[in-house]
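Can you read through this structure? Questions will come right after.
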Amino acid sequence: MNIGFIGLGIMGSGMANNLLKSGFNMYVFNRTREKAKELEDNGAKFCSTPKELAEKSDLIFMMLTDVRACRAVSEDKDGFLESLSKGKVVVNFSTVHPNYSLELREMVKEKEAMFLESPVLGSKIPAQKGELVILSAGDKEAFEICTDAFEKISKKAMYLGDVPKASYVKVVNNEAFATSLTAYLEGLAFAKKIGLDPEMVFNILNSGALSNPYFEFKVKKVLNDDFETHFSFENMKKDLGYALSVADEFKCYCPTLAAVNEIFKKGLNKHAKEDMSAVYKIFDE
Amino acid sequence: MNIGFIGLGIMGSGMANNLLKSGFNMYVFNRTREKAKELEDNGAKFCSTPKELAEKSDLIFMMLTDVRACRAVSEDKDGFLESLSKGKVVVNFSTVHPNYSLELREMVKEKEAMFLESPVLGSKIPAQKGELVILSAGDKEAFEICTDAFEKISKKAMYLGDVPKASYVKVVNNEAFATSLTAYLEGLAFAKKIGLDPEMVFNILNSGALSNPYFEFKVKKVLNDDFETHFSFENMKKDLGYALSVADEFKCYCPTLAAVNEIFKKGLNKHAKEDMSAVYKIFDE
Amino acid sequence: MNIGFIGLGIMGSGMANNLLKSGFNMYVFNRTREKAKELEDNGAKFCSTPKELAEKSDLIFMMLTDVRACRAVSEDKDGFLESLSKGKVVVNFSTVHPNYSLELREMVKEKEAMFLESPVLGSKIPAQKGELVILSAGDKEAFEICTDAFEKISKKAMYLGDVPKASYVKVVNNEAFATSLTAYLEGLAFAKKIGLDPEMVFNILNSGALSNPYFEFKVKKVLNDDFETHFSFENMKKDLGYALSVADEFKCYCPTLAAVNEIFKKGLNKHAKEDMSAVYKIFDE
Amino acid sequence: MNIGFIGLGIMGSGMANNLLKSGFNMYVFNRTREKAKELEDNGAKFCSTPKELAEKSDLIFMMLTDVRACRAVSEDKDGFLESLSKGKVVVNFSTVHPNYSLELREMVKEKEAMFLESPVLGSKIPAQKGELVILSAGDKEAFEICTDAFEKISKKAMYLGDVPKASYVKVVNNEAFATSLTAYLEGLAFAKKIGLDPEMVFNILNSGALSNPYFEFKVKKVLNDDFETHFSFENMKKDLGYALSVADEFKCYCPTLAAVNEIFKKGLNKHAKEDMSAVYKIFDE
């Protein structure tokens, strides 16, 4: 089985590496070739266009930043839609707007190929360790075809039904993570401003029932002034925007989300490329 | 050592019971006597006024709903300040506005008594089990005098320095719990409105790094439509108000807190006496 | 010159009437024919489809509620795009998402017809009186062709440049009206809740520099409990949603807009068909 | 009739000048004497303490920045409460927290003096021109005694009833001005960010029903990058804080106010001394 992997950023390179190490025959594409270097050294073949990649692959996997990037590798000239054909499977691991996922499905269907939206839970480290959680929606048959590959990159892969159900769950998941962490970090910055030691406050909070690995991981880095990117600020902003857009479409009352989305917009110029936990700095300046 | 305990609500009755069972000689006062019944049956003596209670007790403990209730038992006619005298210790377990705590300390000091503000972490069940966390600030000597008593009602008692440091930590703690839980519940209600099964979404979220006993406890009850009060909605609103007031005094930028405080105001008429997790219903109507 | 007018709601009927009275040969279309009755009685010809209307008209004018309605009369079967041809002019008076306006322009251009987006300022009464302000963007030549017709329905018509510039201005305009009025009404409801007579407070405020016809018109009705629709709550919600969507696209920090948009979402179930000033009731319950 | 005037800032100096020019015998006090220079040159007598001022005056007028400043000149050593006596009238023009106004009334009453809270509407220029609007609450007799003096500094003086009714109206008034202007300026900054000329947009908006002298005055200065202080940013922040505090006390749902208050907190470090319209810069950076 030949796998084509498009998008070799923080997440994609970890995933593609795990697939390559597991013995899959890998074709890769990335806008800037240098990010493919390590994979090529280990035996992956670089394709000069997504179109070429789709010709050579049975499974076309994409892990890209946003809708724009997905459109570029599929709809633009030399995009994979040009060579996509019956029986192939397109899997989009990227977190995208659910409405775009519906659009992409239609374009794939027109080529008589199969489609799965498969956003993942987990960031840099789970991607490297093959311990992501995969949320899939779309063609059931495609999900079965991908079982082996998914096992190499995840600790769990779930089939949730029709598109865009997996995108919806992903959007809610990221919203819940971002808004609850932002609320928590706002509290710590507040503690600091009123003269408390934020580390002492964190230790007290973290000894209680709200203690969890996510807050602990993020807060410890924040308290060490470490904002190295595991999940970028601009990507989280993008996902918050997707959530708010869906909330608006369904008329859901989401004032906390709306407030947090504004905080992220406020910080976007300064913190785009840092970790999303840099939202702390917006409170602490 | 005679302990006088004022305030026998959800929290206070649990704490007073544990002290009584540990062998302390207990005097109790509550606005409505019926809540003291079980304690009286087990040997506690009911005082008809806080003044009488303070005459008979070495340690005067209070666990009340808000500043108004604290003022009523201390400053009003027959309040404990009337009989408070040198060497006695006043411990306020209630969560109050930090500025009031400073005021109360002054009034206690004028009587040459000692003062501790000692807000606690934990709600109904930890109070019953004697597993609270006590945050104390004020007279170091008073903290030492209370060591034995504190051991009977808490798993940990911390001395944090001057008043209102413990109140500040408590305010931040409750803010962090309330705002992060509200953010999370907003996400689940959103999931439901866009057609997802909130239980399925919770299971996915709860299998990840954000999983924690607090969210799990609250969400499971919410999904079972169980809003029995562990921490009342109106009390949480009160604490959010304290937090926002302190934030305003120190000019801290707290947009998530501000948004959540409004949500709680919106729901106060309907949900005051329910558990604070009833905030979910405001999103899900 | 034959004018086809699609959409005979509160706004459209007023506009079409003024055109008819000015002597234009009018073709009209509306989803429900009864709304066309008065116009037909006065000489307008009802077309059974937008396609038929576009065959018979030189200028195709649309005044519809939202993007969905615009798509229905243009892209659906028997939509006007089917019969649109070279030299004809499509003018969309509807307030729509700017990105949709760009899409519609493309579809019109493919037919070699001309396009103007021409959202209007003013609601029911200016529409009836022919005193709207027209904001136009698109083909300059089309704007000139429409000069006569625009004069009959407006007190001023402005040409602003390329699509979607007029949509952008309209979105900002409606945002400014909605958010400032909401802020003002929130203040009056607040005054009432703290025991002041809202009418007295309004009189004081209205005697100062902030006094304006818009607030006066809206507040007087609110104080008389009159929520008859001049600009519907659901339409204003829609426009706030457009504004927030554009703000997100351009990463504009708009926390007041975001807060107001949530208030409108909260009230949508109850107040959709009332005047947008029913937002007052959300504060006053 | 001898008038003592405490507080000679932007507002107070304009008011004291008008009283002096009208022939009243004026005693003045200000923390820094240099601000009294012009008044002294014109015949006012400077008192070295508020206590001295109250000895010499029948009417004690105060126009100060905030509660802290009011407490300093009344309760501190050499404050006017020390020499206040029966029959004298204390008038507080300052905008203060309504609860403080109640406190001050009590302190004045203990001296058997009369009290009026008399916050004013209007800023720098109306103060200079004697065209303020005075909102009074408190002793009716005091209001009558002050009639002559009030006529010299205002175009209208209203008696509203008991303390803190005038403070409440003032708080609502400032909230309505600040929140609606902030909403409007947010819209203009948004227009600029999406590529529109904010002046063009303002001209369009200002030609409609929302046009008013307040927005026009403020926006024109903003568009000229003129942030000279008429009403300082920090004072408006203070008033928004009062409003939110009262809203919390009465459990009023005020999400727009809450959002705007956060924006002002965000900008306080940078813009404290500028005009409150500098809130525009927070959106436009």
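Each chain carries a letter (A, B, C and D) given by its place in the written order, and its residues are counted from 1.
One rule holds in what follows: a residue touches a chain if its C-beta (ideal position, glycine included) is under 8 Å from a C-beta of that chain, and two chains touch if they have at least 3 such contacts.
On a predicted model such as this, the values are computed, not experimentally measured, just so you know.
S.K.: If contact pairs are compared by residue number, which of A-B, C-D or A-C agrees with B-D in over half of them?
M.R.: Answer for the repeat of B-D: A-C.
S.K.: Write the angle of the rotation needed to overlay chain A on chain D, where the fit uses Cα atoms and the result is rounded to the nearest 5°.
M.R.: C-alpha superposition angle, chain A on chain D: 180 degrees.
S.K.: Indicate the whole-number Å distance between the mean C-alpha point of chain A and the mean C-alpha point of chain D.
M.R.: Computed value for the inter-centroid distance: 52 Å.
S.K.: Centroid from C-alpha atoms only, then distance chain A to chain B, rounded to Å. What do you get?
M.R.: 40
S.K.: What are the residues of chain B that contact at least two other chains?
M.R.: 247, 251-255, 258-259, 262, 266
S.K.: For the complex, give me every residue of chain A touching chain C.
M.R.: 237, 241, 244-245, 247-248, 251-255, 258-259, 261-262, 265-266, 268-269
S.K.: Contact residues on chain B for chain A in the complex?
M.R.: On the chain B side, the touching residues are 121-122, 133, 135, 156, 158, 160, 165, 168-169, 172-173, 175-177, 179-184, 186-191, 193-196, 200-201, 204-205, 207-215, 217, 243, 246-247, 250-260, 262-263, 282-283.
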